[in-house]
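What follows is a set of structures to go through.
Two complexes, one shared chain (chain A), two partners (chain B, chain C).
Coming up: the complex of A and B.
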């Protein structure tokens, strides 16, 4: 009914292979995109800068990671380090006078290069052992940034982003920064959606499902594992640079610590491995839920509904948040994306109910 | 669906709350205390924030500032910059004119924002030390001795009270983070001037395990060690130092060493260790007596009463005492409503304010937001921290060289 399929006839391959073959999906994407583009018109600066902006950038980062973890099946627990490399590279490049457009590409390339070096471990090890290798990357990159003042920026270890223009638009003011982030989120989204239906994406899926089986049918695991690390690290590096330029406007080592890597993994897992909409939902959940819960609890306390010690008050959001994660994983182990998918499948045949999936 | 729409409506109504600019005449003065109650700074935040709120309660019970109450907006940031920025943006819309994050990562991420928004940010014993340069950072007040001032002060104490610095071997043992290495440049400068040997030793964060570092320190056979850590790692450092044969008297620490740490080490065992002290400890002070009388005893305290008078509690009290004094001066000069700019001017009008003997007399000026860099050295006597010097300040010329250098870097966008 809502996702009406009757009357939709694909008479050419092109229409059948569109990214969103069902018109309802397509219209919904257009609507969401229109809402996102118009957000500065109807959203207050608080919601624009503190919710939408970080959400978009973290979604792009989660998408980069889900390409590696969800589609190619290579675990990565040091993705914040990849973003850090991108952020620091872009800042140092723009300070050296390189235009931001090129600095972003440079950030991606450096992050991809270093990411590939550590990703090379994936050629030999899998699963938990790969987690260890990527964890090593996290700590090595952290250590290097802190201990090389030329990278971190001296005693204060803070580097402010210089004022720059992107495609002739000065990156200043809430709206410009928001559109910068939106543009990057849209680019990554389209890229990942398209990678999933190319031979490259299918090769990655083959590697994920069984790498020696993939080798038997002619997919070169060496090449595709490295390519997966390269692509994902490139996107992650640029996401880190966008995070620095559009959101933080200053980078410090703590912004890319180990806990951030874990948050990214949580975004991908809670959202749903390998799913594009899952990256958005997961990033929204992991990033925004603690903020929302903190505010809800604080307002409840102000209204007098919760009279507990302030220490407990600060920890209630954490407990609820933890409970929600466990709850969602129990309710739907495949993540928030699967919940959306179930709803969509239900409405696909509504008012009938003979779908099972 | 219905409940979802309700949720949306609820969110929208929350959004509509409190779109207001500066505090109006009859409105309270709003201070935003957006701190880390749940992640890294938990060792200090609970007591510090309790002290801040108890002091605000005291001011309000004594009639407020010219009839204006002070209202604290308190949120947890979990030490995450994005949560801190969100809380800051929200508090600013609710009319906050002063913000205190007590978290270096968060306040660093907020520097550009508070400068643009003209909101006062106090960075008591955290944040950027170079923000002492008030011309470059007009809305940021480190307010107490920066880490650089603490380092020079501790070294000066060794120089004057512990047999001079010349020819000595000093080990700087620090947590491997920007905070840990921050004092190194001023120490190196002083090592050249005073002709002593300085070596630095880092231990990995968070500092639960430091034995490898300390066997290196032992080989150096230092005369004095200076500990630069915070939280749980501090007690480990002291234990390791004692285990490696360094007498307690020669162990000196940055400001982050409190009663809890001494108890963790063992009250007897810790006897003799010294630390930098920014604010007097204990309840034997006029302000603390009034807090006990008017806030704690009637049961209006913000937390457990055994925290009252601890090191971090008193630092919290002092931070709010200075901020309140600034607000009082600003109200006298500019009248209500207070804005970030008038509050800043209020800070800059403070002269020799010592919170009734609780802290060293501080004065701020347009170019000095540190307030002189005063402090003193105190010693654990087995039961409490007792001061062994008067308030003093040392080698501020070296400190200011460093401040100027970093502030110039900030101005040039480095």
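Coming up: the complex of A and C.
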């Protein structure tokens, strides 16, 4: 059919190592990108700013985390704290008059620096112990932000973002904010895709899969684990800043609490560890599924198919949502990305059954 | 015992009185060996005799508490495994240690790591920065793939190919680091006769084509006697025999270590 490998012959290594070697994949990506760019034309402002925009930014954050958790194999349960550091840094920098472009880089660097400190402490421990170490980071950062007025602006304070321009475009109005988020999502996506096909990504995967075998061919495990923490925290910090500027337009400590860290981990796990499309699917699932479920349950109640008390009604979506996540972990541990991959491979060889890679 | 305390005679790897303890257990007892440039050097002995421990001492995993390990003129004692790799020493593992999340090609590309300069920035600007490097090293990798006849599995995930091929991929990964000294830890464990013969041919081919010195740990005595120039026999962390393979394995001490002494018989 239109979607297959036969007839695709690579005669140069450059084309063999393309991100999407199958033409149909490439066309689909162009189509999705075109749809995303044209979204302000056909989408209502409500959908654009309350669904698309947060989805893009959280996807970028999930991608940053999947770089660390999926590709480098280092668990991180305090990623919201990294984003918080980025958000607060960028706001304080722009309030001090630093242009946004530099403030974003500064946000990334500060988040990466602090992330690396905890990362270095975490390098000596693995698995569950690393989870504890990163949880400690979450609580320490939360505590520091809340209790240092110079950062949070006082207890219970909300710091609103100043009006800024990005690359000479005022970051004002739904469309501008949306394009800001889209640009960041595209940058992170390309970066992670490229990392996965270059020596940097291979070294990270090597550390994840067999650290002693990686060491014996010259990969310094310490250095690459730290680099993974650095790169991932940098991206997470900038994602936090983008989230503050493009979506919330203000920051409060609660926006980056422990539950947000868990949500990020859920995005990465439900989407599929280490998968780029999985980060998008996972973020979409975690953000949108509760809304969809609430609407479905409410609709069913109105239609008279569900005769339960309104108290229970409010909890049904949560129960189904939790059940769905458990179901994914049980039946498809490799996540939504694997489901997508199965479908893709089915069509790749259709009408035959046997797939090769 | 002509080699103790000297690096003369073209010896590339010299161990002098190497000892290693694990808590109360002395796994290596004053081992001294000298491996000459260009030879295939066998390391044999019963299970638990310290063969792999000696190799781990050389590659930096378990640095010896006593003694000196020298590669050419560099003392390896204080080096970490990844630093040993940059000295031109590569090894394979007894249990296949491939990166299961990667394709065969990516696994072999990993062997080029010490020659590449990986960074997130280079990846971000892939088309202007990393791509050229990737292609240059891909060419070298393809040479090794050619040498070891791995073309047909190049794009397969590494964990679905048969064990014999996995061992070959591991050899390819080690060869891609352009080592001068190659350590093979039981490259033929778990293989059938045909795969063993293939492996022997590939080892000899690689040795000839790349001018390697090889340290081979192996239990198959037919292989050891066929391709090793000299061997050392270890037992309980001690060197009990050394010399040309046929003479060394007929040494009474070696026979006793493997099948026991007459007085042990019940």
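One rule holds in what follows: the second predicted complex is superposed on the first by the 345 of 357 C-alpha atoms of A that agree within 3 Å, B and C clash if a C-alpha of one lies under 4 Å from a C-alpha of the other, contacts with A are read in each partner's own complex, and residues count from 1 in each chain.
Here is the rule we go by: contacts are C-beta pairs under 8 Å (C-beta built on N, C-alpha and C of every residue); 3 or more make two chains touch, one makes a residue touch a chain.
Model, not experiment: these values are computed from the prediction.
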Inset, instruction - Identify the partner contact of A:153: answer first if only chain B is touched, second if only chain C is, both if each is, neither if none is. - result: first
Legend entry - When both partners are placed on the shared chain, which of chain B and chain C touches more of chain A: B
Inset, instruction - Please indicate which partner A:198 is in contact with in the superposed arrangement: first for chain B, second for chain C, both, or neither. - result: second
Inset, instruction - For A:252, select first, second, both or neither according to whether it touches chain B, chain C, the two together, or no partner. - result: first
Inset, instruction - Please indicate which partner A:334 is in contact with in the superposed arrangement: first for chain B, second for chain C, both, or neither. - result: neither
Inset, instruction - Would you sort A:318 into first (chain B), second (chain C), both or neither based on which partner it touches? - result: first
Inset, instruction - Look at A:49 in the shared chain and tell me whether it touches chain B only, chain C only, both, or neither; answer first, second, both or neither. - result: first
Inset, instruction - Applying the touch criterion given at the start, work out whether A:262 contacts chain B, chain C, both or neither, answering first, second, both or neither. - result: neither
Legend entry - Complex interface listing, chain B residues touching chain A: 14-15, 19, 37-38, 46, 49-50, 53, 74-76, 78-83, 85-87, 89-90, 93, 104-105, 108-109, 111-112, 128-130, 176-178, 181-182, 185, 302-303, 402, 406, 409-410, 413-414
Legend entry - Partner chain B, residues of chain A touching it in the complex: 44-47, 49-51, 54, 95, 143, 146-147, 152-160, 162-163, 247-250, 252-255, 287, 290-291, 294-295, 298-299, 309-311, 314-315, 317-318
Legend entry - chain A contact footprint on chain C (complex, rising order): 59-61, 80-82, 84-86, 90-91, 93, 97-103, 106, 109-114, 116-120, 122-124, 126, 130-131, 133-135, 137-139, 155-157, 173-174, 177
Legend entry - Interfacial residue positions of chain A with respect to chain C in the complex: 13-14, 17, 190-191, 194-195, 197-203, 205-206, 208-210, 212-221, 227, 231, 274, 357
